[in-house]
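Two complexes are shown next, each including chain A; its partner changes from chain B in the first to chain C in the second.
Showing the complex of A and B:
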């Protein structure tokens, strides 16, 4: 079974790359867009810090540039699971039939079909460019262990957020169109751009334990910069949340499929 | 004229019904503003811990600016999908349907895009007043100022619509326009005053923004309301908005008339 799924996954990845690279102008403008978009947030921090003291609650300009670049890394991970966001539309239009009638996991097919491999690569290239330049320019020297742990923490954090996002998308089976509910959840992702340890305790807890935005931005950056209180603790929290949401997701998915009906096509 | 209006208002009515159909969506829609404003409030409270003023903005001024811009974003932002709608219509050959009917595609798309903003005004206005009251921010009551503000908002809406329409029409040449669109809208984010007031940016960027149409979308109406007084500066803002509408309108017409000659589909 694993061989079959690996083969299929490989094919879907190749299709995703071919699909995106077909339009070459779009490919390069997308990378340029990623860089400009992050540059805008760097300008934002530069403008703000020019009116305040040297730093913002312990976060200097180089730290904030690195935080900004890290949002691209999480974006690169999330791009592989963009199919989850298509779930509400496919359920409403009855397009789920296509996956249910095939001899493979419908969830796998749903996610694999809409993987944005190229977009992920574009985001990652941009992230590496900004992170590398920032480290060189500002003289930041992260350790190899710090880099690896921060990446691991970020991936686990992304898994948690994806499971929550997927679960919200699944509510379509019961409530109809929930796209704005998804947008509301994604809006909380705006906290990703800001150091959450500066926010009041209640907000910090919410963004650590309930919607763990901290696990994909502030905490990995602190680990990367070697300033984390306890990387193991952050990883532990993210792993527990990943486990919890995996169970909720699996249970809900079964219930949701049992509820699905369409005219077929 | 009556038939013309009935036709386009029918499109608008259908759009309104679609938007309010799913309750979970309506609830999420209502909660969107408090959450977004909450994030902005928390962020700027932290920033103002370290300083009294950012540019010419005190904390209250900054909150008023963001509140107005947030309200404007809710009204204007649904039009951001116009480029995608035009792209879909051209790329999937749906354009045939509109070309075969006695409607002009541009006004059709414009009226279709008006539905969501009208709902946003209905949902957003109570929130705007509530947040103004909660944060102790002034509510402008001068009818002349409000009239000028509304004209400016409408002008901003038209500017954004025309930019979107032009980007969508580029499909005639590029097939895939999303890279260009995203790039333009990254620049837009900075120079429209959505992320931060333009006057707070470094001086070189402030100068660049004067030569771009984006400031007319959020910064100009936001500043007119937040400053609360009419004067030559406001007149200058309005003139600049009108000039941009004229320029973009001409550009949209040119791109459309040139592009439509390249259009080909299999029919259906």
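Showing the complex of A and C:
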């Protein structure tokens, strides 16, 4: 089974790249968009810091540039799972028929079909460029362990957010169109761009324990910079949340498929 | 051996209650409470399909055809009843079961929209775990039969409906399925494309013994491909048997005539009273004549008028099915009227 799914994954990855190459102009425009968007945030932090003191709640300009780069890394991870966002539309249009009539996991197919390989690559290249430049320019020297743990923490955090996002999308099977609810949840992603210790305690707890945005930006950056109080604690919280949401997701997915109504045709 | 075995199969969907109330308060209540009810789409149907048979599944829009086919393919979970295809319960053993079936949905593409056809087919090869050699051989064979070799490297979204449908059918057959389900595969196709598809399906059925379950609006497709048909109306199976038996039961013939001159109007009117006038212009008539009286009525028509044209049309499956639906609809209206009066 693993062999079959590895081969399929490879083929879907190839398709995701070929699919994007069908729209070359769109691809180059997307790169430009991504670069300009990050530049705006970096300029914003520079401006804010020029009005205040040397740092903002303990975050200096180099830290904030690294935080900005980290949002690109989490974005690069999320792009591989963009298919989950398509779930409401596919349920409402009856487009799961294609997966359910084939001998493969519909969830795998749903995610694999809409993997944004190119978008992920754009984000990753931009992130590496910004991170590399920032480390060299500002003299930041992360340890290998710090890099690996921060990446691991970020991936686990992304998994939790994806599971929550997927679970909200899954509500379509019961409630119909939940795209607004889904957008509402995605709004919380805006917090990713800011160090969460800048927010009041309640919001900080929310962003650590309920919607763990901190696990994909602030905490990995702190680990990367070697300033984390307890990297293992952050990792533990994210892992427990991932396990909890994986169980909820799996249980709901089985129920949801039995509710599928295959509209259209 | 039975390929498909269905007993008392039902499927209901939840839908918002339409109580007809239009006031602002009623709308507000509907918005807050959102009451819903179970609407039956398929009701208690039972049938068997032997291996190797080609069977037509007919019905009007919303009659439950697609819902039935989606329960048979494991896409939908039935609300009640038993469904077994090739010994599998489709919705429970979906992954093992779908290795042995093919599905074509006329109104939806099962290929990947933005990539070339050949890439979708290769993806299917990996999904079904088919060997590269078998895949190439069968693709070669089918590409020639359905004349799709030139479009294999074109993205699906650039194909015409007819070409896309041919590609879909090839995709559904490459992995050697034992049963294929075709849900309105000829919808929107021109005459030539339909003909090619039907020839191909007949050949596949004869050469590979594939069981074909075909739903369609088009009675001619069923007449040409199947000996047996089932008719579903409002979720209920109202006929299951040979098409020839259905036709033999038809007690009317259609007579079309073009009149040059009426010689004896009283006699003509007498003849017309013995049949049902379906269409009429100043000089033409389309009549439904009881079979037992057809010879006499035609004799009367010939003696009462000078005709430039006379056609006696045996019943087509289309006319029979149309009549069945019409009669059932009238019966339902009548029952509703009686109930309303009683209330």
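Just so it is clear, the second predicted complex is superposed on the first by the 255 of 265 C-alpha atoms of A that agree within 3 Å, B and C clash if a C-alpha of one lies under 4 Å from a C-alpha of the other, contacts with A are read in each partner's own complex, and residues count from 1 in each chain.
Assume a contact is a pair of C-beta atoms (placed from the backbone, for glycine too) under 8 Å apart; a residue touches a chain by one contact, two chains touch by 3 or more.
Being a predicted model, the structure only gives us computed values, none of them experimental.
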| item | value |
| --- | --- |
| When chain B and chain C are modelled together on chain A, clash or fit | fit |
| Chain B versus chain C as contact partner of A:178, first or second or both or neither | first |
| Partner touching more residues of chain A, whether chain B or chain C | B |
| Inter-chain angle, chain B to chain C through the CA centre of chain A, in degrees rounded to a multiple of 10 | 80 |
| Which of chain B and chain C A:33 touches, first, second, both or neither | first |
| First, second, both or neither for A:260, with chain B first and chain C second | second |
| First (chain B), second (chain C), both or neither touched by A:51 | first |
| Which of chain B and chain C A:198 touches, first, second, both or neither | first |
| Least Cα gap, in Å, left between chain B and chain C after the two complexes are fitted on chain A | 7 |
| Common interface residues of chain A - those touching chain B in one complex and chain C in the other | none |
| Residues of chain C that touch chain A when the two form their complex | 13, 66-67, 70, 73-77, 91, 94-99, 101, 103, 105-110, 112, 114-115, 119, 122-124, 126-129, 155, 183-184 |
| Contact set on chain A toward chain C in their complex | 4, 7-8, 11-12, 15, 18-19, 22, 94-98, 100-105, 113, 257-258, 260-262, 264-265 |
| Residue ranges of chain A touching chain B (in the complex, touch as defined) | 23, 25-30, 32-33, 36-37, 40-41, 43-44, 46-48, 50-53, 56-57, 171, 175-181, 183-184, 187-188, 190-191, 194, 198-200, 203 |
| Chain A contact footprint on chain B (complex, rising order) | 21-29, 31-32, 35-36, 39, 42-43, 46-47, 49-51, 53-55, 174-180, 182-183, 186-187, 189-190, 195-196, 200-202, 205 |
